[in-house]
Structures are given as structure tokens and as C-alpha cells.
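Across the two complexes that follow, chain A remains constant while its partner is chain B and subsequently chain C.
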Partner chain A sequence: MRFAIVVLFLCMATRILASGADNVGNRDHGKIVYERYCMTCHGERGNGAGEFAPYTNPKPRDFRKGTFKWRSTPSGSLPLVSDLERTIREGVYWTAMPSFFVLNPRARADVIAYLQSFSDRWTSEQPAPLLVIPPEPANTSASVQRGRDVYEAQSCAKCHGDQGMGDGESSKTLVDDWGNPIVPFDLTKGHMKGGSSSEDLYRVFMTGLNGTPMPSFSDTIKPDEAWDLVHYIQSLNAQNRRQK
Partner chain B sequence: MMRKAQLLFVMTLAFNLWPKPAHATPAFARKYGVRCTVCHEAWPVLNDFGRQFRDNGYRMNLGEDDPPMTDPAYWPIYALASPQYRFDLLKSHDNKDLALLRSGQFQQGTFVLGAIGTVGAHASYLVIPLAVVNGQTVGFPAGWIRFNDIANTPWLNVKLGQNEPDLPFSRIRDLDMTSNSLVAYSYHTPGSVSQFDMANDEMGIEIMGHNRGSGTRYSVNAFNVGGSPAQNTKFNTPGTYGHVTHEFQFRNGPLTALEVGSFASYATWPRNLTQTPPGGLGTDNLKASEKYGGEVHAWFGQFALPIHANFTFIQGRDDKALVPGGVRDGLFNGGFAQVIANPKLPLIVFGRFDFVRNRDQSLPNASRDFHDQTGYTIGAKHTFEFTTRAEYALFVNYSWLRVKQGASDLTDTTRQVLSAGIHFAF
Partner chain C sequence: MRRPYFVLMMTFVTGLIAYSFQATYPVHAAQSPSGTARIIAKVVLNGKAPVAGRLPMGADPACLTQNGGKAVLDPTVEADANGNLKDVLVYVKDIVGSYPAPTTPFTLDQSGCMYKPHVFGVIAGQPVEILNSDPTLHNIHPLPRVNPGFNIGQPVKGLKSIKTFAKPEAPFHVRCDVHGWMSAYIGVFSHPFFGVSNDTGQVELKNLPAGTFQIQAWQEKYGIQTQSVTVAAGESKEIVFTFKAQ
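Coming up: the complex of A and B.
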């Protein structure tokens, strides 16, 4: 019997020590993290078809394409691991994706390693270089007005509506890359899905949201115009707060 | 002891060979589309995510918590039940053939019907209008409303109503279904008339706060001690409880997280129920029992399949006036040490050691070890189905508790309880 107890404790100690041996990205451990926290939405096979997926809007991400919305890399590129880490840590406001801030950083790294296994892109490609975000200029009324001009010139109102409320003429016909209906974001709601800081907004304009109709404007607007657009969008939020 | 270790070993092996998939208050699972495993190491024991969720007032804080934001078809109603077979055996420890109590029967276990959720962006509630515990109906065992993030800070939340204090290890979230462990929470020095139980739901107010992620937390409760004379009609037997915790997380090494905490309670009780006012139930007649201590939690191994070890130490004191014939304040040490292991997602096994050791007896002729207690509990739970809608699980628990001089003839007693049944929730 003593032998059995010794074996039991050795098994537990081995498991403990083995789990501590990996600094980052243990795919096997990530599978368990995924099963515990992610699978009901993203599905057992990472196809975004978990049991709760039919009740969500927008739909959970299908990891098999290796296409991600929230990146700091150019449109079409894989995201950086730090981008995935940020999405997992902060969650996505106004969606079913919660913040997993409380997960141990090791667990987040493990689950990222696991979800990378759903797409071959992670073995055949490298993420493109990080988008460089220039310093933010002063947020002035002139900048806001110029941002309004950019908003009109880039036809943002076509989807997001003239007042930014997500009610543009195309808003009811948009679909994502998987054919699911998707509605443009109401820019007056307050919190932005991918983060509300100026840098977060700038990043969205210049990288786009892959898998959705939201394109990257990096080829059509200059950095200072992007900052003006950021200031205009922020003014829509401020107006909304004042009206409330 | 050796026999218990053998049993633990065999059960661990046996359950590891079983197939797969554990649970949550299903109302939340349905609302947020998460599995019970998101918030629980195994139901009902909370993990870090679940504790943060609870500390946030059962909100995810991502814009989807307000009732107007939820699907109109969603109802925040849930039910739990645990029908079981239970075998009780109370024996004289010294005379193995003398059974003071022997009973085995199928029981309803615990049945709870409740509602829980949010009534606004900054207000949460729990109402349990009905619970049945082994056939005994308990009306309104718990109900509260909580105002969250007062002044827009998570450091200030106020809960009003009847609720469990923030314990080192929650008793209503215990895996053990035998009710024969965690004895230090309710223990009083032998002869004390106080029935204060630190782990009971109490009617009062709780102020608590936490940082993001609930790594650092505090709670302070003020309440009227449950079960006291004229309870709940006025604040006639006041009590207080406080608890602070801090958790450290580790990225490398076998230790995933370490939490330390300390707590204290002070609860009054009338020493003489026969006195009549103004001297009777007034403050002059109130005497206190105190408990204070600390706890350490350590999580080893994989974050998603942790081995959770916990040691909680409690020192208690009862005023001698609470003990008829008492000659000095009663003083005792107690607590518990436990390990909860989660070898596979649907499986949880646990073992616990309980102890109470008296240091100063209040009764003049009592030996120092009079009513000392030693207990061992082991158990396992295997969940067969866990979805965003419901769960059901098989559980088996066994506990053994020895009380020194617990029998009327002052011989030691041992109480053994075996319970096995199905837990389901929807």
C-alpha cells in the first residue's frame, strides 16, 4: 500500500513539474484551456460553430482561415501573438467575447498556441511587420472638422451612416467572409469593440478588420488624416454623451 | 488513515479511467453562453474567473449585462437538485459494537429554485424563494440586492440582504455533500449557548471591493446574528465579519498562483434568555464569540486543470458568560487542510482534514481535549454533460469525524457519512 501511495504522489508531482516546464505556448495545455473557456462559442474544431454560436451576433471567429479582426499588422496579414493576447485579455466589448484578464499569462500563451493549430497559415507564413503609429497630434476642432471631411471622402457614411450610428444605406446588406449578416458599428455607443484609445481607433483605420467589410485605409489616407478621423469619431462619442 | 489513503488512491485511479466531460449557475451559462467550466474548477467551487464574475456583481462588464441588452426569451431562473443515498453511522469510538445511530436512506438532498442576475448596469440581485434540504422546506434562505461599482470604482460595492460572508472557503460552494466537515466554522467552546455559525447566510449589509481581476479583495459585513432570539426584527444581536485576500500569479514554475488572506468575525449572543427587558435582551446581556485566522491557497500545475491546496487556520474564543457555569473564556484552534484535484475536465477529486483543538476550556471540570474534533473527508464528482444550458454529475463522498468525549458517557464518538447521488442543474 505504501508503494501505491508513493506512486500516486509521484504521478501528481510529475504532472505538476511537467506543467511548469513550459514557459510559453504549450499546445497540449492550450487544448485544455480552450475546452474549458472557448469551445462553446468557437467550436471543438475552431470553426466558430460552438453550441452557443447561433445565439451570438457577431458570430464567433472561425480560426481555420487564420483571419483575425484585431491586429497591429497590415490588412491580410496574420496577427502578432501580442494581438491575440490582447483580444483574449481584454475581450471584445458589445460582443459575447468576455475578458479573460484573470487567466494566468501562461494559460493565455498556451491557448494561443492551440488556436494557431487550427490554420496552416501559422506554419507557412509570418506576421507582417507591426504597424507604426505616429504620435497623436492635438485634438482640435479644426482636426475634428478635417476628420469629418475624411469621413465623407472615404464614404464611411455608406455603412456607418451620416451621424455614425451604423445605419448607412449598405448597413442591412453587409455580410462577413463566411456569409453571416453583419451590421456596421454604431460609432456613438461609447466603448469601441477593439479598445477606445486613440491608438486603438487609428489601428483599426489603418489595418482594417479582416473577415469583415471594414477595409484598411492605409493606402488611401495619410497618417495625419487618420488622426483627424480618429478625432472626429471621438467627437461623435462626446456628442452622444452630452445628449444623454 | 492508511485505509483512507488506500481508498483515495483507488478512487483516483478508477475515475481517471472514466470517459469525459462539469457546470455553473445555469442562468449565467445561458445568459452569456459559457460553460460551467468557465467559472468553476468544478461546480460549485469557483475558479479565478468565477470569483471575478461574482465580485463584479455577476457581470461580464462588456456592455451586455443590462436586462435590455439580453434576449427577451432569456429568463434568469435556475434550479439545482441532488437526490442521493445517504448512510449515517454514529458510533462509540471505544466500543466498536455500540452504534448510537445507524440509518441509510434515499434523500432529496438539496433542491434550490432561484433567480439571479442584474436589474441594471450597476445593480445585481439573488432571490432564492425556496430551498428544500432533505425534505425540510426553507423559505427565502437567501436574497439580496447589490449595488455595483459605486462612484464608478470596483473598490466599493454594497450588498443588502441575506447572504453568505466571503469565507476562506465557501461552505455553500463545498463539494462535500455529507455536511460532516468544515466544522471549525460553526464550532464553539463546549457549553457555549452561542449558535453563531460563521458560514451561515446572515441578514445584513456587505461592503466589498476588489481590483481588476479580483487579485486583491476586501469585504466587511455587519449583520444580525442568524438564529438569535428575535432575529431579523431588529439589530438586537449584532455581528461583524471581515476578510482580505491577495493573490499572486506565476508565469513559470509548478506554482500557478498563491493566495493569502486573513479574516475575523465578532458575533454577539444573549447569555440569558430568561431575563426580561430592560436588563434582558439589551446590550448588557450580549456577550461575544470571536473567530480570526488566515488562509493560504496554492494552485499547482496547469491553470485549466489545477491542483488546488488550501490550509485555513481559525482561532476562536467564547466569552465565559456564554457558558453557564463557565469560569474562563473558552479558547480553541481549528481549521482544515484540503486538496482539490482536477485531473480531467469532467472529473474532480478532493480530500480534506478537519481539526478542532481546545486550548482553554470554559467549563471548570472539562479536560483540555473535551470535544476536540478530527475529521477526514474524501470525495469525487464526475460530470457527464456540461453545456451552456444544463449539467448533471455523479458524486460520491465519505466523511469520518471523531469527537473526543462526544458521547453522554464521555466516551469518544465517531460519525461516518457516505453519500452518493446525482447532481443536476438547469
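Coming up: the complex of A and C.
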């Protein structure tokens, strides 16, 4: 009997892993949460065209394409449930997306289950490999200087500008995947949209931001270079404060 | 007694796990395109082609240098003096059978801050090698509607990325956000019966089986035209698609 239970558990676990379903929220409950807190911006049908959408910039995300900016997965892939949970919990700084920290974790899991119903990608696609973030080395002036070299070698300035202020030569022509004008982030502003921890920054340029012009540089930036770039970007804010 | 019981149960467990990973897609025997019919399509533009604008290569000095300072024109509508229309994707709309995807990659080059070729087709599952031949940053950003998209930065000359589009899909846009004028279109097919019109507006669809097919011609500005064409084994049939200039 014990063996049969183990077998059953193994099969269920294998099925869950194979389908990428790392979410266990209740979709019916999630609909209630969604209609109360999310629908006014993201729309009843999850199309990003809610009542308040015209007054927001950037526009609320259209969930029907299964395209999400902040992920731990490669460019173009679905995010992990934990990525969505982080965005809902922390909000998106500088935008109309607030933090839903006050919602209990159960409600956040439920609403994630519901927003997954807007795109069939969640049932048809296999899970993508998770970005592995190595431990952060010391943030030294040498690392910052090397990070500046990475910033130049990867041509980050084309969009973000030489001083990281979002005023690069390509900045005026950018649009998102829905054709809405979009500007590169001003890296001197301090708070980052997708979180300001070192890991949050590392994740952004190694996975890209789906639905935006920000690509993934995981093919060209090595992990130690990525940490140097994180330290350089963090220094832009400190430099800015000193100059003021 | 315990050992045979253990072996039996492990076999059962392995079988169950294998079943849980089993693909749910139907399996068809792959076919090679060995028919003897062919269709030669001619694509023409009726009327005067719009004046092609000069692309703003000066936005990136590296792009200007790569083109020797010469003007590069918008490739959206390319027709010669006789109206022969280039870069029109012509294909069989639907065909029964399963055709293997080539393992040889199709190369999409980023050269002179332009995509080369500008329009092309691949078979679903065929590798697409994306090459940066320019000493400047390009980001390759396809916008498919069926297949998952991606957006990859290629900051160094000589970089290559290999990607595949697993499902057939109507032509979709590819753009470089860094150089807003860079534009390409990819059609993904379940079969090899497609082609892109050349400088003289011609496309050859060869090795077709005998039958009646819906042939479509897709042009990025003028849309899609469809013709029903019947070909017998060994027959070669010529058809013409005419797009009206706007």
C-alpha cells in the first residue's frame, strides 16, 4: 500500500513537472480576486483594455499573448509562477501597477491561476530552463569599472544613453509589441521597475523583457561580466546623487 | 519472493513515468517532395510603384560605413520598370502529408543594417541561423502570432544565434529595435512548396504532386491573393498574380 502511494506520488509529480504547472491556485477564486483588483486596468478579458487603461503609461499588460516582462526564464518563454507572484507582490515601480503585498499569498496564487486562463500558451508549452544566478561577488570599484566596459561592449548606450539616462540614439523610435511608443529606462532614477535588488537587475538583461525592445544578452554576457554590469548600473544612481 | 516483486513494481513505475512524458502529438510518416508537377508564378505590380524612401542610416555611423555612405532605399515595394514585383512569398496554402524539416539552417543575415533576405519561408522545425555581419548592436525581435517570440541582443560582429519556429504560421514581422527601419518577414510552412519572387518577379514551386491547390501570394503592403490551380503529374503550369499599386 505504501509502495502504491509512492508510485502515485511519483506519477503526479512527473506530470506536474512536465506540464510546467508550478501553480496550485484556484481559478474560480482567482476570478473573484481579478474582477475586484485587476480588471479595471487589465480588462475583463485580460486584453489590457480596462476602464483605466487609457490613462496609464505604459499600458496594462495584455495577458492573451502570454507575454510577460519580468521572468527567470529565457527570452520569449513563459514566466514561472514565482515570477508572476513577485510582480504582483512587489508591483512595478514608476508605473500604475501597484504592489499587492496586502493580498494574502493564497489570493495571489488564485489570481495567477485565473490570468493563466487568458492564454493557451500555459497549457501548450513546456517549461523553459530557469536562469541560474551565481552568488554575487563583492561590489568593488574595479568591478564597477569592468561593468562600464561591459556596458560599452554590449552597446547598452544605443538605447540607454552614454550616461544611462535613457536618451540613446535609438530611444526615440522604440515601440512595444503592441505598437505603443516606449522609452528606454533611465538607469539613474534609482528604483528599477522590476525590482532593485542585484538579482533583479541581473535577471533583466540576461532574460530580456518580453513584449518590449529590451533583448536578452545571455548569449553574449558571461556571468562574471553580468555581475560587473549590475555593479556599474547600481553606481549610476550613486553617481547621480553625488553630482547633485 | 521480494526481489521479483521489486523488479515487477519498478518496471511498472518506469512504464508509468514514461507514459507521463509521452508526447500527445499525432505521428505521421514523413514524405520527401518527389512529385513531378510544377507551378511557375509571375508576380507583377499594376501601376506605378510608390517612391521608396531613403532609410535613415545616418542614425548609426556604423550602418552608414557598412553601406559605403550610399543611400539605401526602403524595400517594402520593389518593382522594376516592367512591374516585376520582388519579395513576394508564394506558397501552397494547404497540402496533405508530413514533410521533414531540413536540418541545414536557413541563414538570416544582418548586413549593412538590413535583413538579408528581406522575405523568406522556412519549414516548421527548420533551424534559422541569425547572423550579425555588422560591427554594431542588432537585436533580433520576431513578432509571431502562433509561435513564441524572442528578442536577442547581438552586439558583436560575427555572432550567430540558432532558433526554430515549431508551428506553421502566416508571414510575421521581424524587427530590430535599435535600427527601426530594419524589417524582415518570415512565413513558416508545414511543407516545402513555397518560394519568394526574384528580381524578375518569378517563383517556382517544384516537385509538387498532381492535384488541385490553393496558391497564395503574400506581399507585405498589398496583402494576400489566392488562385486555385490544378496540375497533372509532369505538367508545368504558369500563373500570374497582379497586385494593384497604391
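One rule holds in what follows: the second predicted complex is superposed on the first by the 219 of 244 C-alpha atoms of A that agree within 3 Å, B and C clash if a C-alpha of one lies under 4 Å from a C-alpha of the other, contacts with A are read in each partner's own complex, and residues count from 1 in each chain.
Note that a contact is a pair of C-beta atoms (placed from the backbone, for glycine too) under 8 Å apart; a residue touches a chain by one contact, two chains touch by 3 or more.
Remember, it's a predicted structure, so these values are computed and weren't measured experimentally.
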Partner touching more residues of chain A, whether chain B or chain C: B
Which of chain B and chain C A:37 touches, first, second, both or neither: first
Touched partner set for A:98, first chain B, second chain C, both or neither: first
Partner chain(s) touched by A:191 [first = chain B, second = chain C, both, neither]: first
Which superposed partner A:51 touches (first chain B, second chain C, both, neither): first
Touching partner for A:231 - first (chain B), second (chain C), both, neither: neither
Touching partner for A:160 - first (chain B), second (chain C), both, neither: neither
Chain B versus chain C as contact partner of A:59, first or second or both or neither: neither
Partner chain in contact with A:146 - chain B first, chain C second, else both or neither: neither
Contacts of A:107 with chain B and chain C, given as first, second, both or neither: first
Common interface residues of chain A - those touching chain B in one complex and chain C in the other: 15
Chain C to chain A touching residues, read off their complex: 9, 12-13, 16-17, 20-21, 59-60, 136-137, 139-141, 143, 148-156, 159, 161, 177-180
Footprint of chain B on chain A - complex, ascending: 1, 4-5, 8, 12, 15-17, 19-20, 23, 29, 32-33, 35-37, 39-41, 51-52, 55-56, 91-107, 110, 189, 191
Chain A-facing residues of chain B, complex: 2, 5-6, 8-9, 12, 32-35, 37-38, 48-49, 52, 60-64, 71, 212-214, 249-257, 300-305, 307, 341, 345, 387-388
Residues of chain A touching chain C in the complex: 3, 7, 10-11, 14-15, 18, 67, 74-77, 121, 125, 153-155, 158-159, 169-170, 173-175, 177, 208, 210, 212-217, 219-220
